[in-house]
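So that you can tell them apart, the chains are marked A, B and C in the order they are listed, and the count of residues begins at 1 in each.
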Amino acid sequence: MTGRVGLVAAVVAVLALAALPMVAEKFYVQLVTKILIMAIFAMSLDLLIGYTGLVSFGHAAFYGIAGYALALLSPQYEAASVWTSLPLAIGAAALAALVIGLFVLRTSGIYFIMVTLAFAQMAYFVFHDTKLAGGSDGIYIYVRPVAEIFGWKPFDLENFGHLYYVVLALAVGVFVLLRVVLASLFGRVIAGIRVNEHRMRSLGYPTFRYKLAAFVFAGALAGLAGWLSAVQFGVVNPDFLAWHLSGSVMMMVILGGMGTLVGPAIGAAAMMLAELWLQGLTKHWQLLMGGFIVLVALLLPRGLLGLLTTRGGPTDSTRG
Amino acid sequence: MNDNQELNARRRTLLKQGAALGGVAALGVLPAFARAQSDKIRIGLMLPYTGTYAQLGVAIENGLRLAIDENGGKIGGREVEFFKVDDESDPAKATDNVNRLVTRDKVDVLVGTVHSGVALAMVRVAKETGTLLVIPNAGADAATGPLCAPNIFRTSFANSQTGYPMGKVLADRGVKTAVTLSWKYAAGEESVAGFKDGFSRGGGKVLKELWLPFPNVEFQPLLTEIASLKPDAVYTFFAGAGAVKFLKDYQAAGLKGKIPLYGSGFLTDGVLEAAGDAAEGVETTLHYADSLETPRDKTFRLAYAKRFKTQPDVYAVQGYDTGLLLVLAFSKTKGAVDKPALIKAMEGAVIDSPRGQWRMSKAHNPVQDLYLRKVVGQQNRFVNVAVKGLDYPPADRCKMASS
Amino acid sequence: MDLGTFFVQLLNSVQYGLLLFLVASGLTLIFGIMGVINIAHGSFYMIGAYLAWSLSGAVGNFWLALVVGVALSVALGLVLEWLLINKLYDRDHLYQVLLTYGLILVFEELRAVIWGNDVHAVPVPALLKASIPLTENLSYPVYRLFISAVCLALAGLMYWVIQKTRLGMMIRAGASNREMVQSLGINIGFVYRVVFAVGVALAAFAGMIAAPVSSVFPGMGGQVLIICFVVVVIGGVGSVKGALVAAILIGLIDTFGKVIEVQIGGFSVLPELSGMSVYLLMAVVLLWRPQGIFGKRL
């Protein structure tokens, strides 16, 4: 993000998104809310796949755990508080990422992909098979969390417009936060780990700890997306942790262009809009979606953003 | 990447984002113009048209359409427009699917569904938006229990309501021990709970509750376990294709004939042709039977078979009764979508159903007779009335019923 | 649990494990020899099951359907490898995952187009319909014994081919050093194509013989895929021997986990958490040997 033009472009984009609720119907505002939540989810995974080189196929686990945390913290017919449930949900996701990370980061390559998938599946079964959280039917959140502090309500999440703005603000916030973190020393170390972990270790960096930190941070951000999703839909069920979701968000990252942050956000929008459009075309839209994904894998190594830019970001010249 | 290239990159990114945004905004504005005034009553059908419950969804819709067509194809003097969504019995997609019907298609009445988990999603959205919801099958106790609401009605049954009579019948016969086996989801758990209640009140004891995840059908280890427990009876809840497989596996494991099998009627409804002799002799309790021999039922069965070229089952009856309920309610309001009036009409409805007469409980669930049936040659033969006018589960969990 | 029941549950475990092995062996062979991670592997299992259903319905004979089904699967494998898979050999695992994930969507939807989304039963072939009485209450279906026998036979056949034939030698050599094998004049591309086709056929065949006991339903591919991953992780990537051991272990834990009761401090662990038991095993193996029981050091 260099230069004033880049900044102006970003501000214009955000302003355009901010104007949406004033021109569009409720259905579409809710749709874009959903897209923005997915964008947060995708950006969190990009931190792992695009910047640290960790291909996690189980990212939905952290998304789902945070969603369930909100559901479990919400009293049955009353509202939870945003200020307690959000940090707790993110904390739960981060804790899960820490525990799982301690296991999966012992492996790499193909193994890493498979074990992240398998651990997410294990978490899925905890929620699906046990009485802990409503089993396969999930839990309903009948009242959305309230944001009251000392009697003052800055926003009401039951109002779909307020929810949209909260999500938009968080999405922009996550983007900025990630940019800052990635520009720091931490960001450069994990970039180095992605390129050549042995070299980083021989330079004296405790690579396991850095990878774990990235894994936990990404898990926490995925948790934020999960909490928001649970708020928007009012229901959490085991499919929040399904491997299909892990696969979907991975596609969004790669489709958009990994290692760029903006790419995955675009990928999220592209995939969800494509899904909506294709669903309207034919009952068998997944056929077209699948074919599209195969083509992207074969022909677009740097995703959609790679189409638009001449030379990419951190992925440039580091992939053979 | 130098500044110039970065500039171009950002410009292109912005253009793409702007285009996407413009597209979305345009999409958002257009439907507002496209929605012309319609004179038809909009009914949203959310049913499973694919998957393990596909047959049930089709039967329900058939019944519903038959009832409306018998009323001249109109409800309250107005024509009907159907909006259909295949819910695939998938609770994960449920909220999205309902929202599509309520927010985008703006239906006047929601009808659905089969799977309890999906139905609960519909209940939630209906409560939030106040849309009228009539449930033509899903027996989730909660829909007319803790989650009840004035705008939510059911024309089928509550899960535990069909299990309870079977437990009572077995206890009355002097059966001492039983093992239960079902899918671990709301429908299975509640059905088993109803059975347990009826059975234990009469002195019976459930030795063990066996579960498998929905819609898994690998029964082998659990059948082996049943054999080792040697109970006097086995009570199960399965429906659709799962029920067929279970009946066949039970027979292949040699348990049929050694340990009698019982279930709520869903075990044997709509599956007898596929199950063949594996189902012979199995007794179940349900609010319908294939040989009720009442004039009302005979008329219905004839009309249904003539139109759809197949025999009706309990799902078709439930769909039919949903149609009867809507016809009745809208006739009282002369076709107007006047929710308070419609609700009042539905609450006071007495439905002259092929299953027998029934009325709405305070929690908006049918108060009806439960029959004992036995499978004799591809039919669920009526044996006797297991419980008359059963209002179960106890209405104390529904706030509007106990007030 | 009495001895008779224990023995029957053992039979159940082994049968389930052997079926898993059949599917997982294809997956691990393709990984180990070609370095390709193919997450569409579960789809081949599903395709096999649907083929069994539609072919035995059309042809009327289960055995004939098996033969035709295997032939079709081999053809599918050859075509897929030639069109798409061989472009993945030198690519990053990430793109292999992406491409094969797209394939899953394509296969699932093609299945919906060709065969629909309903659940179907495949009748057990008349020859094997009987049940053998084992205890006073319980009989064991002969067909399940047949499944176990076939899987064992195939396992033996695989061992013989890989260890004792020239083709097997080429495969093993190609796995260790592709360039060297090529420079010795062996058409490694041909070897890879055969291996992939065999892997596909193994998974499809497993789906076909499993169909009468598992039913044919849309989600069956995804279900088996995840467990196969666990088998491969526990057994070790590329090791067929490891896949066999791991699959049997998983069969035992999964089956017994569903019926025995274990309580820890008043909290019911089994059979409540039986779905998780397999993954717990994987976690333990990862702590002890991250490369799997028979895998090569990472």
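As a convention for this text, a contact is a pair of C-beta atoms (placed from the backbone, for glycine too) under 8 Å apart; a residue touches a chain by one contact, two chains touch by 3 or more.
Quick caveat: nothing in here was measured; it's all calculated off a predicted structure.
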* Asked: Relative to subunit A, which chain has the most distant C-alpha mean position?
  -> B
* Asked: Count the touching C-beta pairs: is A-B or B-C ahead?
  -> A-B
* Just curious, how far off is subunit C from subunit A if you go by their C-alpha centres, in Å? -> 32
* Any idea how many Å lie between the Cα centroids of subunit B and subunit C? -> 36
* Structure fact -> Residue ranges of subunit A touching at least 2 other chains are 128-129
* Asked: subunit B: which residues touch two or more other chains?
  -> 213
* To do: At least two other chains touched by the same residue of subunit C: list those residues.
  => 112, 275
* If you look only at subunit B, which of its residues touch subunit C in the complex? -> 50-52, 54, 88, 211-213, 215, 217-218, 220-225, 227-228, 230, 240-242, 244-245, 248, 252-255, 258-259, 274
* Show which residues of subunit C lie in contact with subunit B when the two form their complex. => 1-2, 4-5, 8-9, 12, 16, 112, 116-121, 124, 131, 133, 135-141, 144, 213-215, 217-218, 255-256, 258-259, 271, 275
* Partner subunit C, residues of subunit A touching it in the complex -> 49, 55, 57, 103-104, 106-111, 113-115, 117-119, 121-122, 125-126, 128-131, 243-244, 247, 250-251, 254, 284-287, 289-298, 301, 319
* **List of subunit B residues in touch with subunit A within their complex** => 1, 3, 5-14, 16-18, 20-21, 23-25, 27-29, 31-32, 90-92, 94-95, 99, 103-104, 116-117, 120-121, 124, 127-128, 146, 184-186, 189, 213-214
* Report the residues of subunit C in contact with subunit A in the complex, numbered from low to high. => 31, 37, 84, 87, 92-95, 97-99, 101-110, 112-113, 222, 226, 229-230, 232-233, 237, 272-276, 279-280, 282-283, 286-287, 290-291, 298
